[in-house]
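Below: one structure in structure tokens.
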Amino acid sequence: QVSDGVVKIGVLTDLSGTYSDLAGKGAVLATKMAIDDFVAAEKPGFKVELVSADHQNKGDIAANKAREWFERDKVDVASELVTTSVALAVQKIAKDKNKIVLMSGPGSTAITNESCNDVSVHWTYDTYALANGTAKAVTQAGGKKWFFLTADYAFGHALEKDASDVVKANGGEVMGAVRHPFPGNDFSSYLLKAQSSGAQVIGLANAGGDTINSIKQAAEFGITPKQSLAGLLVFITDVHSLGLKNTQNMYLTEGFYWDLNNETRAWSKRFFDQHKRMPTMVQAGQYSSTMHYLKAVKATGTDDTAKVMTQMKKTPINDFFAKNGKIRDDGRMVHDMYLLQVKKPAESKTPWDYYHVKATIPAAEAFQPLSASRCALIKK
Amino acid sequence: MNKDIILQTRGLTKEFLGFKAVSDVNLEVERGSIHALIGPNGAGKTTVFNLLTKVHAASSGQIQFKGQDITRESQVQVARRGMIRSFQISATFAHLTALENVRVGLQRKRTDSFNFWSSQKRLDALNGRAMELLEAVDLAQFADIVTVEMPYGRKRALEIATTLALDPELMLLDEPTQGMGHEDVGRVVELIQKISANRTILMVEHNLSVVETLCDRITVLQRGAVLAEGDYATVSNDPRVLEAYVGVDA
Amino acid sequence: MEIFGIPSQAFFGQLLLGLINGSFYAVLSLGLAIIFGLLNIINFAHGAQYMLGAFGAWLGLNYLGINYWLALVLSPLLVGALAVVIERSMLKRLYQLDHLYGLLLTFGLALMAEGLFKNFFGVSGESYEAPELLQGGMQLGFMYLPIYRGWVVVAALTVCLVAWYVIERTSLGATLRAATQRPDLVQALGINVPVLVTATYAAGAALAAFAGVLAAPIMQVNPVMGSNLIIVVFAVVVIGGMGSILGSIVTGLGLGVIEGLTKVFYPEASAVVIFLIMVLVLLVKPAGLFGKQA
Amino acid sequence: MTTPTHSHSSRQTVLLFAGLILVGLIAPFLVYPTLLMKLLCFALFACAFNLMLGFSGLLSFGHAAFFGGSAYITGYLCRDLGATPEIGLLAGTLFGGLLGAVFGLVAIRRAGIYFAMITLGLAQIVYFLALQMGFTGGEDGMQGIPRGQLFGLIDLSDNLAMYYFVLAVFLLGFALIHRTIHSPFGQILKAIRDNEARATSLGYDVARFKLIAFVLSAALTGLAGSTKSLVFQLASLGDVHWHTSGQVVLMTLLGGLGTLLGPVVGAMTIIGLENQLADKVGSWVTVIMGGMFVVCVLAFRRGIVGEIKAMLQGKGR
Amino acid sequence: MSSAFNPNGEMLRVTGLHAFYGESHILHGIDLHVNRGELVTLLGRNGSGRSTTLKAMLGLVGRRSGSVMFNGTEINQTAPHRIARLGLGYCPEERGIFAGLSTEENLLLPPVVASGGMTLEEIYELFPNLKERRNSPGTRLSGGEQQMLAMARILRTGAKVLLLDEITEGLAPVIVKKLGEVIRLLKSRGYTIVLVEQNFRFAAPLADRHYVLEHGHVVMTVPKEELAARTGELHQLLGV
């Protein structure tokens, strides 16, 4: 039985900070689209409500809000949660309160390893998948010598480590790394160091504004044509704001691109009409996870956490976002990822036409294998 | 001579970036006297006070207080030895009541000033003495008035009461009558007379009639140096003083 | 040849980069120092004014087709005009009060400006191209120097020199210096000090905006670009000695270089080295390196 | 001899505390307890900060270091070393005080803007350490700090129990601040704030008084931070960021500088607004906060409590 | 600057002037007037309010009330820089030499407000010391030189009404003599002067009229014709 006859979905996202472009209002919109589509198509016997809040990328604000939602406002699921610190905090609270978390925005692999639990689903991507996708492809394509520009905090370190492992596993070599304070604004010193290291590829193990400025300044110092950049965490909004001139030829990995096939184009067009920007993978993933959850509630006829989780895990995900996606026991939703290369300005035909799809990384390869999992739920 | 000298300076000099504000001042203040320091504006009177109370360090020279060399001591140490000053610009604690102002003075000698855990009710024990002091300066009716709200002349009186609370052996008063009306001046003069009973007072004063009524001895400074010294009659007839300070030939 | 274990080539490269960043610090801290010197106000809005300068250039280009060179003049003028409004309507009332209030007011203004721009432009920032003339780079032997960066150093140093010259060597500057010392008396001598004060605030803000336009092609034009920088610039001004013009220029450049070298030897600490230096300097010289003891 | 002011003020004190306790006791039945706990933590933080700015006249722009630093210490003890909450809080408070002593020794002889800048600089260094040292979890923050069992008896994971515990901590801290302000020490502190030169000339070692006040303020700030880390089971970089220092200035200013209740009111207003606004106006929060600063400085320099007081007094006279 | 109306009439008239510094009430209703080309002195003991009278006329005190007419215009609400630009030159008691400026910069600081001011050459001729030291920082000058500088800088502006506060204070007799000559020269050129002095001997032969102040009141007015007769009275008031 659905309690009170209402399923309440909370979107806890960054509405004002660094990640508000790649998640933010667009993620709320995607959730709303999912709910509307679900209600229209499935005519459920319960009501679906949406609440949203700005966590300002602060763990304590997020934790506070999530508690309030779970304890007071009868919210059944907290979703999106861009920024790892926010995700980790909310994951813990959800477990305490026995509620579901659907994470589309955050990237850290800690979510499905050290911090894993049985109420969380990590939907769209993680740093392992990004690093793995990009680093592997670039190394295999001949970029053997790497140098890392790493944001000096846990997230950056993890990204660097994941990518280094992949580089080495594929016969590459890491020439060095420099750790820059976070956030920074001038990266020229580090880039110069990277330049003189003799590496072919500069791996950007940072995010957001740091990545953007690194890319921009690499172009400025004439580094990019000779050495290539590999963005380990780059979103389409970043490419959009940098422009193709600065980003051309860069490799990156995403879980979604609007221009993959008719289905993605159709959905993205609907999204674009309302948001005036193409969806990021986070926003697309947000739609997908919400829809999957709602379908599970309908299927089980209850909003009971354990039952819904079981249902979600046993049902494969098939929509415009994922083909045969599957939620593993550690909470990781595995699906295909895409290796992309940024087009040259001349190759871009229409607005937001930014990527060449170089390869599809099959779900089985894209994510950290369960054998390497540090999640306590995984019995080895 | 066996005068009882409470304060003595030898060769006291203060330079500000090459400018000698006080130069080679030898000052002797006799215990129990009222001693005045006068001189034109900028003669260095306030600076002498600042040197004595260690607001500034002397460039050279010595200061002896009660026979001890205090040249290298700190403001706090000097105050604790019993030399307390008032300021040229009124210096009260503006947001405390008159009573509390005086208690700040009384509290100094107690050991509990660092007690942040005990109630200030302990301080009520001081109220009796504080009221006495307020009465002595004719401020009893202002006891519960916050100082900012008091008239200027009363504040000067309050400052004196606070200074008195420490029962200083040597009081330095910097222009105690400055900015006061006729009646206030009279009151302060009386007050100083009253409190001078068993202590020494060194004061800076421009009002010569005040100096005349009160002071036993007068030192005239000009451009940082001592120009003349003596009792009022001597000094006020000294042609150099008339020239430099009063500005009229005799 | 090696210097401290790194090839001398790279070393010179890093020095030059430090100097480039230092010239931003110099222009920004110069503006702050001028404002503090005359108005006794700690202008927390300086970072926001820098950001406004950059956005001015970007908006001008994208909506009005105003090119870089024009923006370099117009954007500071516009920000200066805004500063006039701020000074006339708000700051003016605070001169009698503690520094604290000026700081808090400008802090509030900075928050508002930042918040507004976040609302309209998001935070990932906008890209601004360097003008044709300054694109590309030069091989200096020890490094490849983007022409634009070279221009930044030249432009920033020129502005600093001009500002220094105006303040230290002209009659306007003499009036300014006199007014810092005794505004009432200067006014009694027939100089319109209130207007001078307004103009000074506007000039300081315009300097910040100028730095913003200079920065636009290098960094992403971004609503938070100023708030990330402002704290460091404060430290620079404090180290140089509040209100000292020369102090802020020299310290700005010097700290840019020190920070640059830290990035080479101990990159993790480069964000904090300036604060360490600040604490040490203030312990030894309480009024800063070039400040006069109060 | 008791002057009228005193009996008056002690009656006020009793009323004040009775009122606070009463409101505190019934509040969780009207308002969501976790929000209340956050309020209390920040109210304590602001009160402790006010002890510095409002009663000693020194603007510290580095109080976040004590707040966040202590939160990390408590979190580390309780989560990684299995300490009980009371030990965690005690250690956090001590740590805050210690850090305060370090800051104080460096900064206390400077005044005004230099004091603000030095404290800010030192706090930036603490921020840097928090980012770098492994045990803090860096950017991810320190998650999952257990609330634990108070004295081994009371299970704090129950929200109401936790709430009353936080209320007790707050009241304790508040009472200590109240007492400090109305102690012989506080009297001298006020005198120093009014006229430092005069206090020195009377023979008070001003720097020592300020240092003690600073350490007290830092320790109580630490207590607030530690408590917060238990409430949210989280310590994060946001707690040590200079924005937090700025926020507490705003709370104090908005509520009323140098008034006892001002910081409490200020904290409630800001936290409450933040809570309300976050959902409704989204990204306009920053603009509104900025606007509040501006309005406060231009129009309500005395803050909410200060203005009310002035109004009442104006009427009374 | 010459106004067609009232060619030899009043340049300055002060009526009921009150002034306050913070909470202390310094001037209690000062009345005085100065005609064109006249020199009047304000005498009195230290602290009697003479300097404050000048400052209040210029709007430099915290709070003031009463009327100040300058050449037929009420200036009590006028901003200080406007007053100066009407042609009022002020030489403050503490000289007000600016430390950050060189001697010449100090000299050139006040804007020219009317034609007919002295040129730099004339000034240097009058005060050769200043010429010699024109590039050294203003506050490195000796006290006397600073005093000359403070005087000299208002002579350049073309202001024809001068308010001079204790210009002989702390100066060697020879410089005092020199200043006496300068004042005489100015008078002969038709300047109107208000002179605050302690040095009665200096002021007496120059003045057309003396005002004696005490506690912020004008307690005596002595035209120069009556000076000889009333010297005793005057001395008593001045506390000699």
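The letters A, B, C, D and E name the chains in turn, as written, and every chain counts its residues from 1.
Heads up, the rule we're going with is that a residue touches a chain if its C-beta (ideal position, glycine included) is under 8 Å from a C-beta of that chain, and two chains touch if they have at least 3 such contacts.
None of these values were measured; they are calculated from a predicted model.
S.K.: What's the minimum number of touch steps needed to get from chain A to chain E?
M.R.: Between chain A and chain E, the shortest chain-hopping route counts 2.
S.K.: Averaging each chain's C-alpha atoms to get its centre, pick out the one most distant from chain B.
M.R.: The chain farthest from chain B, judged by C-alpha centres, is A.
S.K.: Would you kindly say which chain has the C-alpha centre located farthest from the C-alpha centre of chain E?
M.R.: Between chain E and every other chain, the largest centroid distance is to A.
S.K.: Find the geometric centre of each of chain C and chain E from their Cα atoms only, then give the gap between the two centres in Å, rounded to an integer.
M.R.: Distance between chain centres, rounded to whole Å: 44 Å.
S.K.: Measure off the straight-line distance from the CA centroid of chain A to the CA centroid of chain D, and report it in whole Å.
M.R.: For chain A versus chain D, the centre distance works out to 38 Å.
S.K.: How many Å are there between the centre of chain A and the centre of chain B, using C-alpha atoms for each centre?
M.R.: 74
S.K.: Could you check chain C for residues that touch two or more other chains and list them?
M.R.: Within chain C, residues 115, 118, 268, 271-272 contact more than one other chain.
S.K.: Please set out, as single numbers or ranges, the residues of chain D touching at least two other chains.
M.R.: 132, 283, 285-286
S.K.: Which of the chains are touching one another, listed as pairs?
M.R.: A-C, A-D, B-D, B-E, C-D, C-E
S.K.: Which part of chain B faces chain D closely enough to touch in the complex?
M.R.: 53, 55, 75-76, 79-80, 84-85, 87, 91-97, 99-101, 103-105, 107-108, 110, 112-124, 127-128, 131, 143-144, 162-163, 166
S.K.: State the interface residues of chain A toward chain C in the complex, per the touch definition above.
M.R.: Touch list, chain A to chain C: 16-18, 20-22, 152, 178-181, 183-186, 188-190, 192-193, 196, 208-209, 212-213, 216-217, 220-222, 237-238, 241-243, 245-246.
S.K.: In the complex of these two chains, what residues of chain E are touching chain C?
M.R.: Within the complex, chain E contacts chain C at residues 58-60, 79-81, 83-85, 90, 92, 96, 98-101, 105-106, 108-111, 113, 153-154, 157.
S.K.: In their complex, what parts of chain A are in touch with chain D?
M.R.: Result: residues 15-16, 20, 25, 51-54, 56, 58-61, 63-65, 67-68, 71-72, 84-85, 88-89, 92-93, 96, 108, 110, 115, 152-155, 182 of chain A touch chain D.
S.K.: What residues of chain B sit close enough to touch chain E in their complex?
M.R.: Against chain E, chain B makes touches at 18, 40-42, 151-152, 178-182, 206-209, 223, 242, 246-250.
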